[in-house]
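Chain lettering (A, B, C and D) follows the sequence in which the chains are written, and residue indices restart at 1 in each chain.
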Amino acid sequence: MEIAVGLAAVAKGFYGRGWLWGTSGNLSAVVQREPLRLAMSPSGVDKGELTAPQVLEIDDHARIVGAHKGKPSDESLLHIRIVKERSAGAVLHTHSIWNTILSDRYAADGGVKIEGYEMLKGLQGVRTHEHTEWLPIIENSQDMPALAETIGKTLNEHKDAHGFLLRSHGLYSWGETLAQAKRHIEILEFLLEAKGRTGV
Amino acid sequence: MEIAVGLAAVAKGFYGRGWLWGTSGNLSAVVQREPLRLAMSPSGVDKGELTAPQVLEIDDHARIVGAHKGKPSDESLLHIRIVKERSAGAVLHTHSIWNTILSDRYAADGGVKIEGYEMLKGLQGVRTHEHTEWLPIIENSQDMPALAETIGKTLNEHKDAHGFLLRSHGLYSWGETLAQAKRHIEILEFLLEAKGRTGV
Amino acid sequence: MEIAVGLAAVAKGFYGRGWLWGTSGNLSAVVQREPLRLAMSPSGVDKGELTAPQVLEIDDHARIVGAHKGKPSDESLLHIRIVKERSAGAVLHTHSIWNTILSDRYAADGGVKIEGYEMLKGLQGVRTHEHTEWLPIIENSQDMPALAETIGKTLNEHKDAHGFLLRSHGLYSWGETLAQAKRHIEILEFLLEAKGRTGV
Amino acid sequence: MEIAVGLAAVAKGFYGRGWLWGTSGNLSAVVQREPLRLAMSPSGVDKGELTAPQVLEIDDHARIVGAHKGKPSDESLLHIRIVKERSAGAVLHTHSIWNTILSDRYAADGGVKIEGYEMLKGLQGVRTHEHTEWLPIIENSQDMPALAETIGKTLNEHKDAHGFLLRSHGLYSWGETLAQAKRHIEILEFLLEAKGRTGV
């Protein structure tokens, strides 16, 4: 329940910044590893009004555990895949203006290169601003199992990536804990906006 | 009364984002279909301080029902027309920076084409990002009955549109419920800003 | 006292939008006409934390009435002049990013022309979007009596203006009441940003 | 303790504007001059949730005074150096989008020149808008003792500077009191954004 409270608090904060408007975006956090149980924001809910009791618990096939009337997000399979590939404790997905714009602007390059910013040091394991973060851009799709596969491959090819963009869709990032995942989203959103506004 | 509370809450939120400044914009929701009774924000009120008791009830000629000292918005006729054309349960009208700018930038094209964004899936009935939303732009006017007619025609010509722009004026959207109308506004405002900032 | 509470509330709201940062800007409202008594925000106070008891009362020479330890804003003379020229009940002065930028961008033209926006209808006496608002730009100065004179002349030359800009400094607007002055500021700030972002 | 409460309040406000995202930035205030005791925000803490008890007390070698489990920010040495060079009572360091962008845009010039804005008058000792503020830009580094030396030299070369930028990193400013330091940050952030948006 504490996990659900945490997800609701992060949702409210991100919604306030315009990163989860129109019921977009979704948030998850690991409740238990074996077998996997994931606290997951429900589909179609106003993220500015998300409450802890609305948060679902799902298994590793994105099926609801227990008796809950909510519907898991279509993107639950993507969260599950990221949790497994990165041993993540939480996964956050935002739709911001700047991540949307850059996910298209740099699509032909296959990703966004971010380097030289002090802000990068907030990403787990990064010790200096002399770091190059490559944020892969994956073509958007409505075929979730296929998209989960593509994400799995991409994460394997880019072992150091702290997030990725779905084209004209949004940003995914994660962390060992919910706090770390939130930190990563804030840092990547900041850097995408900074890069976006310089027009490079 | 619950409807009025809901309208006041949406007004406060939208005002906070700068979409209803200077007493601009207006909000309505259907109280009863036959005969039509519409809860409607009053004219000339600061939307950041709108209270439920200030919300008016009007009939399908935009006349106040009951004893209320408020004045219905001049644009009540537009709300009534939209409610009828779309069988809408709520109609919201915002004045944001970006909807104002784009309503003029694309006026010569007669509308704004928005396509390829995942965010589009939040619009009722849209199942994929491979959707083209055409947001018609209607020339602004102070002749409300005539404008209501033009809006009626435009909605008939563009059966799939989830909203429209009045030139150098603002955005109208609607939904089966107030929550859906709010969601549509957030999505369209997001997409207009994203498009506006890419400069295409 | 109610007036001071109102000024503090407006200050808090405007500060939250970044229009009164760094103790910039000032706010006043008429307490009494004959002889003139003006409630005035004190100099050097954080507008996000302005409280009603901090609000000063000054006479028409900008001298404090009663025993108050605060210091009136240097720009009190400008407020007094505007109150007299326009029979205003309240005067508000904001330092926003966009009013600062446009006050310089259009300085060579002597003013900013704003026309065709529905939002203009929120300005007192304006009945249609087919209105041209001319916002005069006055060269900035630290000589307050001289600046008050220039403002007096400018207001006489532009009888219909609802506000003016001081170059690289900020916006002044006013109203019959505090609520109207607030509405005017919101409308002019909105229009300056809309115009500023279109780059015309 | 009152100082820690003040730092937490400023942190919360700045975080809300996106100046301290992702645990970035840090804040300090002098508790005692001889020997120096500095209240300092801890490393790795979410600035939107910083509480007074989390604030550390450090000496002039950036060692924690007393029994506290927190870790002082890596940049504590920079704060200490600024406190000594400027006899400052408080030092604030922000990571905003605009200070980040301008710290790189003007790096080849060695600084940002800001002149002619009324807003400059909010900087301590500045009496007119006809003032030129030179904000030095210092190359970023992870070698804190060396960076502290460079900062010391820069502050000596630019005796009148009210702040400086670390390239692709952020803004430092200070004041005799925490309130003055906050005012300086707000003013410099405002001016950097105004300059940044004019594109000069």
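We take it that a residue touches a chain if its C-beta (ideal position, glycine included) is under 8 Å from a C-beta of that chain, and two chains touch if they have at least 3 such contacts.
Fair warning: this is a prediction, and the values are worked out from it, not measured in the lab.
Counting every residue number used by either copy at the subunit B-subunit C contact, under half are found in both chains.
Subunit C and subunit D carry the same sequence, and matching their CA atoms takes a turn of 90 degrees, rounded to a multiple of 5.
A centroid comparison over C-alpha atoms places A as the chain most distant from subunit C.
A separation of 31 Å divides the Cα centre of subunit B from that of subunit C. Once the centre of each chain is set as its mean CA position, subunit B and subunit D turn out to be 44 Å apart. Shared interface positions of subunit B, i.e. residues touching 2 or more other chains, are not present. A ring topology is adopted by the chain contact network, closed into one cycle in which each chain touches exactly two others. Inter-chain contacts, as defined above, occur between A-B, A-D, B-C, C-D. If you check the complex, the residues on subunit D that touch subunit C are 13, 17, 116-119, 122, 127-129, 179, 182-184, 186-187, 189-190, 193-194, 197-198.
Taken in their complex, subunit B has these residues touching subunit C: 18, 21-24, 46, 48, 95, 97, 100-101, 104-105, 140, 142, 166, 168-170, 196.
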